[in-house]
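Listed after this line are the structures, all set down as structure tokens.
Same chain, two partners: subunit A is paired with subunit B first, then with subunit C.
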Partner chain A sequence: MQTIDLATAGGATLALLPEVVLTGAALVVLLVLSWRHTTAEDSRLAGYLSLGGVGLSAVALAYLWTADLQPLGLAHMIAVDTFRYAAVAIILIATAATILLSLQYVERERLLAPEYYCLILLAATGMMYLAGATDLIVSFLGLEVMSVAVYVLVGFNRGSVFSAEAALKYFLIGAFASAFLLYGIALIYGATGTTNIMEIGARLGQGNIPVLGALGLGLLLIGFGFKVAAVPFHMWAPDVYDGAPTPITGFMATGVKAAGVIALTRILFDGFSHSIDLWQPVVAALAIASMVLGNLVALSQRSLKRMLAYSSIAHAGYLLTAIWTGSSLGAGATLLYILAYVLTTLATFGILAALGRGGERDVTLDTIAGLGARRPWLAFALSACMLSLLGFPGTLGFIGKWTILMAIVNQAHAALGIILVLTSLVSAGYYLPVIMSMYMKPASATSPEGKMSGAGIAVIVVTVGLLLVFGFWPGPVLGIATNSARVLSGAVPSVNALVR
Partner chain B sequence: MPQHSYGAIPWIGLTVLLPLLGFLVNGTLALVRPQAKRVVSLVGTGVLLASFIVAVLVVLQLRQETLIGPYTVTFWHWIVVDTLQIDFAFALDHLSAVMLLVVTGVGFLIHVFSVGYMREDPGYARFFAYLNLFIVFMLLLVLGSTVPLMFVGWEGVGLCSYLLIGFWYEEKANADAGKKAFIVNRIGDFGVLLAMFILWTSIHTLNFAVIAERAPTMLEAGGPVVTMVTLFLFLGCVGKSAQIPLYVWLPDAMAGPTPVSALIHAATMVTAGVYLVARTNVLFAMAPLSSTLVAGIGALTALFAATIGLRQYDIKKVLAYSTVSQLGYMFIGVGTGAYVAGVFHLVTHAFFKALLFLGSGSVIHAMHQAYHATHAHEDAQDMRNMGGLHRYMPWTFALMTIATLAIAGVPPFSGFFSKDEILAAAFARGAEHPVFYLFWGMGLVGALLTAYYMARLLTMTFLGDNRTGTAEQEHLHEAPWVMTAPLVVLGALSLAGGILNLPAFVGGHHALETWLDPVFEPAKKFSQLVMPHGSTELLLIGGAVVIAVIGLVAGIRGTLVRPIVVAKNAPAEMGFARVLFNKYYIDELYQFLIVSPIVGLSRLVLWKGVDQSVVDGFFVNGSAALMRGLGWLGSRLQTGQVGVYVILFLVGVVWILGSVLR
Partner chain C sequence: MTAAVFYLLGASAIASALLCITRKNPVSSALWLVSTMFALAGIYVLLHAQFIAVFQVLVYAGAVMVLFLFVIMLLNLGREASDVRGKPAWALAAAVMVILGAQFFAVWHYTPAQMASEQHSGAAVADPLAFFPNNALAAEAARPDDAFGALSASLFQNYLVPFEITSVLLLVAAIGAVVLAKRRI
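Moving on to the complex of A and B:
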């Protein structure tokens, strides 16, 4: 164990090493593409450079994780704990996969502007700050860095009306939501005189929370509700997911959601653990609304991207359920579920990107008919993903959902668990038709799907492989997730309903 | 002190492992190279021979050990839940040793016979794979140290029986026979499961050795618990060992290849019920009511099946009913408390009935070849098409004669000693409970009928004039040595099997009884049987012999005096003979009383009524339609207009701020 002083420049740099490395990589990419920004080769070069940056950042993360650093005193600004490391790891996985999936995609869709990769790196840096922040100002900065980059990425397909529409909608409502978030931070500062999450927790203390603080908490929940696409702040999601370039949709569904959920967990657990009675009903209501609406509306979608958009709303509901518990087991479940969701969603969007034939708005249940015969391995991978999203045993998605249910049961609260299970049941109504269509419907007379790039295949093989391996052998990830979550100080102890 | 070494006994696992390997190899070959018959024969019979040798070594070692309780080899902990711990373990005691030798020994002989019998069959490798697998499960049944492990074997042999009855599954009748066997056995298996549950809740163990230890102290002798357990166990035995009322599957099971009938449906699997009663002898001894029922069902079956056997023309059907009847005798034995006699008859029956089946297989083989050569489409199993075969197949005739004398109970053949002991025991028990005199009487009449139908079989098949057809006669000949050699060994065993347990009046020492004594010792506390001695014993024996001889003579004369018409021209049976020929219409009765109502209920009420309209129509499709409708409503919100989105956003804001401010 080694203590570091975050007040010194060296200490802060060490603690922020993954973020610093990634920012540096973004700058390098930017520099390189000042000279080379015209051909497909230049685009590829930027992609590989970015990938290298992600790799270096991962090395830095691995160093931090194994070095077991301890901050001197309270960790201002940025957390130095395993919860942050786990979050950063998930974000890096999402980033790397997004870059790999984009390599072929941007060439096929003629989006040959290498800034694309630079923006992905910057967005990822923002996510990492957001997920690791121990100060609301840092959270907000991270959030904005991430959001601004993602706004641009959503509208990156300048030739597409839908892409532009999506970017504009996302930007408008996003700016609206950011205002709520910022105002919430201001009110909390007004109530407590600090923006540090741990100190907020200490100052709010026991007893009643001042009105100003409660109002601030409510506004924070609204802001984060928007970022994770929870009902009723979800309306942008289907349009934006549909319009954005497919790898970016995957990036949003995974990275943005993961960072938002993790930041929310830390703020609620560390900053507002004493006001749990205040936020639990709100989170529960958001969760229930998201699970019910997301799953029901997904039933009536034919386009796979829109279906996945609603499904991502439902998954935000599941994650909010885990946060609702307020227990360390719940935080662990959140991490584990995010990992499962990120891996599955990356693979799914990777497959969707491969299935598209230039403007993949037309990937519907009908176009994948007969895929099982045409592309057996791809169909198998997509089936595994659908089963994992459904939470079918044998996949990591099941382990994640099971852990969430455990966390709920431990709080001796049945209703949320029952809703989660019932809405999951409804979700079978739109996940299984995908499998059915691939294997049991005759192929429609459409041109065959394009060939996949090696990078795309690698992403799908690795993610689906991990899904299945950890689905059967969940011990390691389960251990990491629950151990990482233990550092959240404010988490309420688990009440074991089974022992009582 | 040096650890006592048990010699070959710890290697007992090999007896199961070797056939399992055989199954894997033959199963693989069946899938990839079904034409590799030479390898299949070598592996299939080789593993059985090796398994038999290991078994012999194990039993020889067991003779020298003085064990208290069984020798247990634990391989792994199989099921561990709370206080319930079930090991995957084999238990060797003197009873399982006897079964071990019978299963591997007779099993080996039948495997050898099959090499010749199945030579031309395209499913040769598959056949040997199933046969090997059967031996694996049969040994699990015999050696399992706990009821659940025994039950794995119990179900496994059922599975193999199903697979082998329907071996020629292209014909619907064969597949139906397999299904019938499987379904009828389910009823019995249900009983075994219930017995297991009651045992667990009442004495908290499922280990046979511990059951024998705890039952006398923890259960009330003659009480409701032990009676229920034994009745449910016996229900399982009734199914597996084809007793009234669940015997109906066994005659149909003759649809399988003849070696299967010999191995599974005569020598080994069907005797599992007798073995189970003997294995749980303490429980049955503590439940006199159940034991009486066992003996009663046994006596009834012994007599009833024998009467059906009188009027069957299919050579295998006669033997099938004979098996049902002989199993009845074994149950008279174990129900009377003469466990040794029951097991003794099990062993001798394994010898002579395997011989009879294989002999009939040899005959069918010859008949089939003859008809095949002349392209005739006659029934190769119908005895009306045979006759005079002793001229063409002298070896088979001689050996079948030995087996017939053995089953009829003519001294000094093996069946005489074992059947005599059972009847003597029933007579002895009659002094205590007069109802056993009735069982004894039924057994005696059954013995008369047994002698009659066996003599009839032998006469119709081998004596008189040949009715196969003039063109076919020149193609009739003895089977190859690979089929005859096992017959010779079985013939020797049928002839001399009585040596195993020679009674005192011929200078014997009841060797088997002494050997099995430790196993049945605990039961003796509850039911002591005083066997008849001296003049009573000799009188009983004399009576039995006279009856056997009368039956044999009547059978031969009755068959020879009347002319026999070949099957295709045969007139319909009339009168009571017709009832017997149609097996008392029991199958039709079951069809009318049980099968049709259940099928009707399932089809009309459960399927079309409950499942299709209520479950599918209302619950499944109804809820799906409801959800889809709600989803469609929800999707109407998604107008694409940012203004609408912001309005909804603001609704959310008001709601959240309202709830945090309260």
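Moving on to the complex of A and C:
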């Protein structure tokens, strides 16, 4: 074990090694593309370089994880703990998969500006800062780096009206949400005199939270509610997910959501652990509204991309349920569920990108009819993804939902668990028709070929493989998730005094 | 020594300002304006106004000028004249790079303690009394640990990480603006 002083430049650089390496890779890509900028070849080169950057960042992460570093005193600005490392690992997986899926996609859709990859890398660094921040200033800056890069990526298809509409909508709503978040941070600073999350927790103490702090917490929850697309702050999600280039939709649904949920977990658990009575009802209301509305509206969608957008709202609800528990068990469940959701969603959007043309706005249940006969492996992969999103036993999605349920039951509070199970049953109403359409309907003449590049196939084989392997043999990931979450012990003990 | 540095900076400021208003290409005109700002910043340092000097560079030469350049580039003005190509320009670029590299190494070996000792011995900078006839103002200007010291300690020690992330944020915004707004990418 080694202690590092995060207040010095050297210590901070060591603690931020994965982020620094990734930023460096983005700068290298930017430099290279300044004179290799025109052809498909150049775009691919930028993609491979970015992938190399993600790999190096993963090496840096592995070093940090094994080095067992300890911060000197309070973690200053950035956390040095396993919860952050696990979050960064998930973000790096999402980034690598997005880059691999994009290699073929940008060539097909003629999005040949290689800045695309640079922006993906910078968005990923923003996510990593957001997920690891122990200071609200760093949270906000990470959120902005991530958001600004993603606004641009959403509007990257400049020839498409829908892409432009999505970018503008996301930008306006995002700026609105950032304002809420920033005002919340300002009020919390006013109430406590600090922006460090651990110090906020210490200063708020056991007593009553000042009105200013409570207001700040409320604004903070609204800001994060927008970012993770929880009802009632979800209105932007379907249009934006629909209009964005499909790999970017996948990146938004996984990376942005994961970073937001993890940051929210850390802020609520470390900063507001003593005010749990204050935020639990709010988080529960957000979770219930997201689960119910997301799943019910998804039932009526024809376009697969829009259906997945509503399903992602529902999944935000499940994740908020895990946060609601306020226990380290719940934090572990959050991590595990995010991993399951990220892997499944990446594979699903990868398959969707292969099935459609021109932004995949028109891929419906009829488009994939008969896919089981023509492309059995692709149909199998999509079926596995749908079952994992549904939470079917044998997939990682089931393990994720099961750990969330365990965390809820541990709090001796059944209502949320019952709602979670019931809404999951409702979700079968839109996940299963996808499988039925692929295997039980005849193919039409206009069915897509679903050609995939080697990189795309590799992503889908790996993600679906992990879903099934961990679904049957969850021990390792379950252990990592629960151990990583144990550092958030500022939260309530596993059985708290909720039942009074 | 100080007088020589002052005349050098002054001449550079005047020459850059003249070049700024006589260039046809708006980009090079803007770059000469940057050069004027830098020369003025140097003069502020001579006046013991380090704080103003740094903000002259950060705000005027940095933020405002980058905005100018972006607008010019995005509007595609001044296509006809391109005077930053060719062998002499490359040679000039190489020379500037060598000078900047040398400065980088000089700064690398320049410790705060060394700077403090030089400041106290009064070797490096001009006597404030020469510039400020009023004694109180001169004493204020010569104080070693002024608002600037407190600000830089905050900015580069406590808030180093957010400071660096802010620069990444500005980079992302710049790339994004070019990608979305430029006619031909």
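Basically, the second predicted complex is superposed on the first by the 491 of 500 C-alpha atoms of A that agree within 3 Å, B and C clash if a C-alpha of one lies under 4 Å from a C-alpha of the other, contacts with A are read in each partner's own complex, and residues count from 1 in each chain.
Following the convention adopted for this analysis, a residue touches a chain if its C-beta (ideal position, glycine included) is under 8 Å from a C-beta of that chain, and two chains touch if they have at least 3 such contacts.
Computed from a predicted structure; not experimentally measured.
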Return first, second, both or neither, reflecting whether A:Asp239 touches subunit B, subunit C, both chains, or no partner chain. first
Under the stated touch criterion, which partner chain does A:Ile173 make contact with: subunit B (first), subunit C (second), both, or neither? first
Which partner chains sit in contact with A:Pro433 here, subunit B, subunit C, both or neither? Use first/second/both/neither. neither
One more residue to check, A:Gly155. First (subunit B), second (subunit C), both or neither? second
Return first, second, both or neither, reflecting whether A:Glu144 touches subunit B, subunit C, both chains, or no partner chain. second
Touching A:Gly394, do we find subunit B (first), subunit C (second), both, or neither? neither
With the two complexes superposed on chain A, say which partner A:Gly55 touches: subunit B (first), subunit C (second), both, or neither. neither
Using the touch definition from the top, list the residues of subunit A that touch subunit C in their complex. 7-9, 12, 16, 23, 30, 37, 77-78, 113, 115, 118-119, 122-123, 125-126, 129, 135, 137-138, 141-142, 144-145, 148-149, 151-152, 155-156, 158, 167
In their shared complex, subunit B is touched by residues of subunit A numbered 169, 172-173, 176-177, 180, 211, 214-215, 217-219, 221-222, 225-226, 231-233, 235-236, 238-239, 278-279, 281-282, 285, 293, 296-301, 426, 429
Given the complex, residues on subunit B that touch subunit A span 624, 627-628, 630-632, 634-635, 637-638, 640, 642, 644-646, 648-649, 651-653, 655-657, 659-661
Per the touch rule above, subunit C residues touching subunit A in the complex are 156-162, 165-166, 168-169, 171-173, 175-176, 178-180, 185
